[in-house]
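Shared chain: chain A. Partners: chain B in the first complex, chain C in the second.
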Partner chain A sequence: MTEEKLQPPLGVRIRPWLIALPALIVLIGILYPFLTAIYYSFTAYALNRPGSLDQFVGFRNYVRMFTDDDFLYSTYITFAYALLSTGVELVLGLAVALLLNRESRFAKILTPTLIFPMMIAPVIGTLIWKMMMQPSVGILNPMLNLVGLPSLQWAAVPETALFSVVLVDVWMFTPFAALILTAGLRSFPSAPFEAARVDGASFWFTFRNLTLPMLTPFILIVVVFRLMDSLKMFDIIFAMTEGGPGRTLMTYQLTAYRTSFQFQRLAQGLPYAILLYIIIYITSFYLIKFWGRAQRRAAGY
Partner chain B sequence: METNSINKRLAGLLSDGFLAVYFLFALFPILWMVLVSLKSGEELFTTQFIFHPTLENYRAIFFGDTRVGAGVVAKQEFPQYFLNSLIASTGAVILSLLVGVPAAYALARFNFKGKEDLAFTFLSFRFAPEMVVIIPLSVIYRQLGLYDTYFGIIWVYQLVTLPLLIWVLRSYFEDISPDIEQAAMIDGYPWWRIFWNILLPLVRPGLAAAALLAFVFAWNNFIFPLVLGGSHVQTVTVASLGYISSAQGFFNRMAAASVISSIPQIVLALSIQRYLIRGLSFGAVKG
Partner chain C sequence: MAELRLEHIYKTYKGNVEAVKDLNLTVRDGEFLALLGPSGCGKTSTLRMIVGLEEITRGEMYIGDRLVNRLEPNARNVALAFETYALYPPLSVRDNIAFCLRARSVAPDEIKRRVDAVADMLDITDILDRKPAELGGGQKQRISLARALVRNPDVFLMDEPLSHLDAAQRAHMRVELKRLHAETGRTTILVTHDQLEAVAMAERIAVMNFGVLQQVGSFNEVYNHPVNEFVAGFIGEPPMNFLACRPAAQNGATALTAADGSFHLSLPSALQERVNAHNGQNLHLGVRPTDLHLGDGAADDDLLTLHATVDTYESLGEEGQLAANVGESPVLLITEPFLNLARGEKVDLQMSTNRIHLFDADTTNAI
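And then the complex of A and B:
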C-alpha cells in the first residue's frame, strides 16, 4: 500500500517514454526488417522465382550453410581478417599513442593529420590503395623495387589478397586506436608516474604495472569498435576484389551479399548474416561487460 | 649524467623517426591521390612525381569529358552524385536530430524500467551486420516504393546516424549537473522549457560536433546506397567505383572525384577536433 503511494503519478512515469517516442518509432522501423530477415531465412525466397516467399522450408537454408564445402573457409577468413586487422591496429596504435604523448613539437604538428585516413570514405580509401597496387599506374611496386624487393601482385593473387585488404584496414583505422589510446594516456593522473620515476622504475616496469592496467578500459573500447567493425567489414573487401580472387576473401558478409543479390537467392544468403549478427552480439555483450569491470578496476575500486 | 642526456636525446630522435615513418604511411596515399588527380592522361602511365599539373580531370568530372567516345562512360553526372550524397546525409542527420535529441535526454535524465536495454538496442544497430537489414529491406522497399528514393536512403541511414547521436548526446546530457534543472523546476518552469532554454544551449557544441560526425559517417556509407539506391540517388561512394571499373584511363578522373568527395569530411573533422574522440567512441571516452 505504501509502495503504491510512493510511486509517481502515471503522467510522470510515462514521460521518458513519451519523450523517446519519436526515436521508438524509428526503432520499430528498423526492428521490423530484422524480424523479417529471420522469417525470410526460413523460406525458399529467390528474387527470380515469384511465389517462392510463401514456400516455407524450415531450417533448410541453415543446414545448407553449415554443410556447404566453403562454410569453414568463410568462417576462417571472416575471423582471420578481423583478428589480424584489430591486432595490428591495437599494437601499432598503442606505439603511435605512446610516441605522440611526449613533449615533442614534431608530434604536436602531426597529431591533427591523424584523422585523415579515417575520415575518407572506406570505399574511396580502398580505391586509392587499389590504384597504388595497380601494375601500370601503381607506385607500390616501384617503391618495393627501389629497395631491392620484387614486385607483388597484391590483391590479384590468393597468396597476398588477405594481406592487401588488412593493410588497407590498418591504414584506415590505426588512427582510431591511436586517438582513443592517446586520450586515455592524457587522462592519467601524473602522481603515480612521478612516484615511479622518483623510485627509478624502468620504462617496462612502469608500462606493465601502471600504464597498461590504467589503459585497459581504453584498449577494450578500441577492441570493441574495431573487432565488431572488421567482423562485418564489407566496403574494403568489396572495393578491392568483391571477395575474390575466386573465393579467397568471401567472408560472411560478402557471401551473404553474393548469394542474395548476385545469385538472387535471397533467403539462402540470410543465414550467414544472421549467424554473423549472433556472433557480434554475443561478443560485444561480453566485451562491454568486461569493459565496465576494467573501468572500475582502473579507477581503483 | 652526460650519457644520460645523450641517451635521452637519442631516444627522442628514434621516437620522432618512428613517428615520421608511420605518418608517411598514413599520409602518403592521400598525397598520391592528389598528385594523380592533377595528371593528364598521357602522363598518368609514364611519370611518378614530376609532371605538368593540369586541372583537366576536375573540369571533366564537373562539366563533362572531352574524350567521350565509344565505350567510354561520360562522368559529368558527378555534380548530381555529390548533390545526392549531400541530400541523403543531411536528411539523415536532421531526422536523427529530431528523434534522437529527446531520446538522448530521456535516457540521460530519467530512470525507467528497461532504460539500459533500450540504450543497448540502439547501440546494437551500430554493430549489426548491414546485410541482416539490407536483404529484407530490398524487398520491403520495392513493395513500399521506397527503393531508389531519398527517403529510403535517409531512413536506412538511421542505422548509422541515430546510435551515434543518441549515445554521444546522452553522455553530454549526463555531464550537466541535475542541480541546474532542479533549481529551474523549483522556480516553476515546465520540463520542456528547461530542456529547450537551459539544457539544449549547454550541450550545443557537443550537439553540433556529434551531428557533423554523423554527417561524415552517412556521407562515407557505401553498402546501403549500393543495394537500396539506383541511378536516382547514386551517391559519390557508389559512383566512385564506376570510375575504376569503366576504363583503364580513368584513374586520374577517379582521383579527382576522390579528392572532391573527401574534402567535406576532412574539413568537418578538423573543425570538430576537440569533440572528435568522444564522438568516435560513442561517448565512452571523454577526450
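And then the complex of A and C:
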C-alpha cells in the first residue's frame, strides 16, 4: 500500500516522455527517409517499373556507380566546385571583414548590405546571372570588352562553365563568410590589439600572430557551412546549365538527380547521394574537431 | 630614457565631453610619478594620450625633445602595462613577452637572452611555456609588466597595475615595482585611484579631478600642504574633516567662529595674517582625523579646542575611531582603542594650530 502511494502521479511519470516527444518526432522525420533511402539503394527500384522495389540487388547499384566511366570526373567536379568556391569565399570574405572592421560611417552602412545577396533565392539569383552572362544580349561581355578583355562564352562552353557557376556561388555566399568573420572580429577584446600597436607590430605581423589564430574558430565555421553546402550544391548548377554543357558540371548531386528522377531509376541514383552524405559527414566531423581545438587555442589555452 | 612634457593638453570626446583640461605636467627623466585620482578624473585618458592610443585634442606633448602628438604608438617608444593585462591569448607567455622584439625583427638569440633576463627579474621563468588563460591574475600581471619592460622604453606606463591582485600579492608587487624602478632608473608613470599605491611607490604624485590637474608634488607636499579641498580630502585615510566657519574680529584680533556657532577659536598671529589677507567670508577649517585628539583639559596656546558630542565609537584593536558631532557637523578622529565612550557624551577635541588647514568655502582653494 505505502509503496503504491510513493508512486508519483501519472502526469509526473509521463512528463519526461512528453518532453522528449518533439525530439523523437523530428528524429523520425529525419531517420525514416534516410534509412528508407539506404534500403532503396539495395533494390532495383525504378519509378517507372512497378514492383521493382521488391527486387533486392545487393551492392549492384554501388558497383555500377564506382565502375561508371564518369565517376572519377564527377568526383573531381564535385570537389573542384566545393573547394574553389569555399576557398575564394573565405579569402574574399576575410578581406571584406577586415575592411569593415573599423569605426566609420562607411562600414556601418555597408555591413547590412552584405545580407542582400543572401536574401535572394539561389535559383532566382542564378537566373539573373545567366541573363547577364548571355553572350549576345547579356551585360557582362560588354563590360569585359570595356576594360579590353575578350568576350566569354561563360557557362555555354566547358572551359568556362565551372568558373561561371563558382562566380555565382562566390557572389551569393561571400557575404556569409564576411558576416561571420566580421562578427568574429567584433567579438575580440580591443586591449590585445592596442597592446600590439604599442608594441610596434605592423598590420601583417599582428594579423599573422594575433588576428588569424583568434579568428581560426570563425574561419572554421565558415568552412564547415560553405563546404557542406557547396559539396551538395544543386540550385546554382541546375539553374545555370542543368549539369552541362555535356557532362561538364555533373557533380554527385546533379548525377543523383538526373539518374533518380530524370531517368526515373531511383535506386541507381541513391548511391551518389549516400556517398555524398558520408563525405560530408566525415569532413564536418573533423572540421568540428579542429574547431574545438582552435577555439581553445584562440581563448589562450 | 627621457623626460616627458605635457603642455596645455586637452582631450575632448564626442559630444563635448572634456576628459582632460589644460594639463601641464613634466615627468623628469628617471622619475617615478603617480597619476592619482578618482574614477573618471581623466587619468586614463591622459595615459592613453601619452601612449598614442588616443588622439590629443589640443596641446603639445614631448618625449625628450621630440614632439609626439602625431606619432603612432610604435614610434613613441613608450611601453604600457594595461589594467586588463591585454595579453595575446593565442601566444605562449614567452611569445607574449617576445612579441614586440619579434615585431621589430630583433635577432632570435638576442630575443631569447632578453626574454630570459626579464622573466628572471620578474620570477616567471617556470611559466614561460604556458598559455595566458591557464594563469592567475598575479602571474598575468607579471607577464604584462615583463612585456612592457623587455623593450627598454623611454617611458614606462602602468595603468592600475595592482588592481586585480589580492592584498598579499599587492603588497609584494608594490615592493617589486619600486625595486624595478630603482634598478632600471626608467621614467615611470603609474596610474592609480589608490593613494596607498601612489604613496608607496612614487616619488611625486599628480592628483587629478574632473579632468583638471589639481596638484603635483611629493607625498609630503600633497598631504601636508594640499592646494585645495579636493586634494586635502582625497589624500589621507580616513579623509580630512571639514568644518564651516567664518572670520570674526575679537579684541582687535581675528578669530574663527563656526557657521552654526558651535565653536570659537582664537588664532595664532601667523594664521590671523593669512585669514586677514584673504577677503572671503566663508571658510572651511580642515583637520585630519589623526591630528584631532581627545582633550585632557590641559590648556595650551598652541592647542585649539572643539566641544563635541559622541556619536559612535569603534574600538578596532590597534586604534579606535570616534565619530562625533561639532554642532551639526560630523567629525571623525583616531583615538586610543578600548575607550569607554557613550553616545551623547560630551567630549573636548583638541588640535594643534599648525596642523589645521583653511580653505575658501567658495573656491575650495587653500588660503
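The working rule: the second predicted complex is superposed on the first by the 281 of 301 C-alpha atoms of A that agree within 3 Å, B and C clash if a C-alpha of one lies under 4 Å from a C-alpha of the other, contacts with A are read in each partner's own complex, and residues count from 1 in each chain.
Heads up, the rule we're going with is that a contact is a pair of C-beta atoms (placed from the backbone, for glycine too) under 8 Å apart; a residue touches a chain by one contact, two chains touch by 3 or more.
Owing to the predicted nature of the structure, the values given are computational and were not obtained by experimental measurement.
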Inset, instruction - Would you sort A:Ile124 into first (chain B), second (chain C), both or neither based on which partner it touches? - result: first
Inset, instruction - May I ask you to name which of chain B and chain C touches more residues of chain A? - result: B
Inset, instruction - Kindly classify A:Ile221 by the partners it touches after superposition: chain B alone (first), chain C alone (second), both, or neither? - result: first
Inset, instruction - Would you check which partner chain A:Ala298 touches, where first means chain B only, second means chain C only, and both and neither mean what they say? - result: second
Inset, instruction - Kindly classify A:Arg15 by the partners it touches after superposition: chain B alone (first), chain C alone (second), both, or neither? - result: first
Legend entry - Touching partner for A:Pro271 - first (chain B), second (chain C), both, neither: neither
Inset, instruction - State whether A:Ala196 touches chain B only (first), chain C only (second), both chains, or neither. - result: second
Inset, instruction - Scan A:Gly243 for contacts with chain B and chain C and give back first, second, both or neither. - result: neither
Inset, instruction - Mind listing the chain A positions that touch chain C in their complex? - result: 189, 191-192, 194-202, 205, 209-210, 213-214, 297-301
Inset, instruction - Using the touch rule from the top, collect the residues of chain B that touch chain A in their complex. - result: 12, 15-16, 18-20, 22-23, 25-27, 29-30, 32-33, 36, 44-45, 48, 95, 98-100, 102-103, 105-107, 109-110, 112, 115, 118, 121-122, 124-133, 135-140, 155, 158-159, 162, 166, 191, 216, 219-223, 227, 236-238, 240-241, 244, 248, 251, 254-255, 258, 261-262, 265-266, 268-270, 273, 276-277, 280-281, 284-287
Inset, instruction - Sort out for me which residues of chain A touch chain B in the complex. - result: 13, 15-17, 19-20, 22-27, 29-30, 32-34, 36-37, 40, 45, 92, 95-96, 99-100, 102, 104, 106-107, 110, 112-117, 119-125, 127-132, 134, 136-137, 139, 142, 171, 174-176, 179-180, 183-184, 186-187, 218, 221, 225, 228-229, 231-232, 234-235, 238-239, 252-253, 256-257, 260-261, 266, 269-270, 272-274, 276-277, 280-281, 284, 291
Inset, instruction - Using the touch rule from the top, collect the residues of chain C that touch chain A in their complex. - result: 51-53, 72-75, 78-80, 82, 84-91, 95, 99-100, 102-104, 131-134, 147, 151
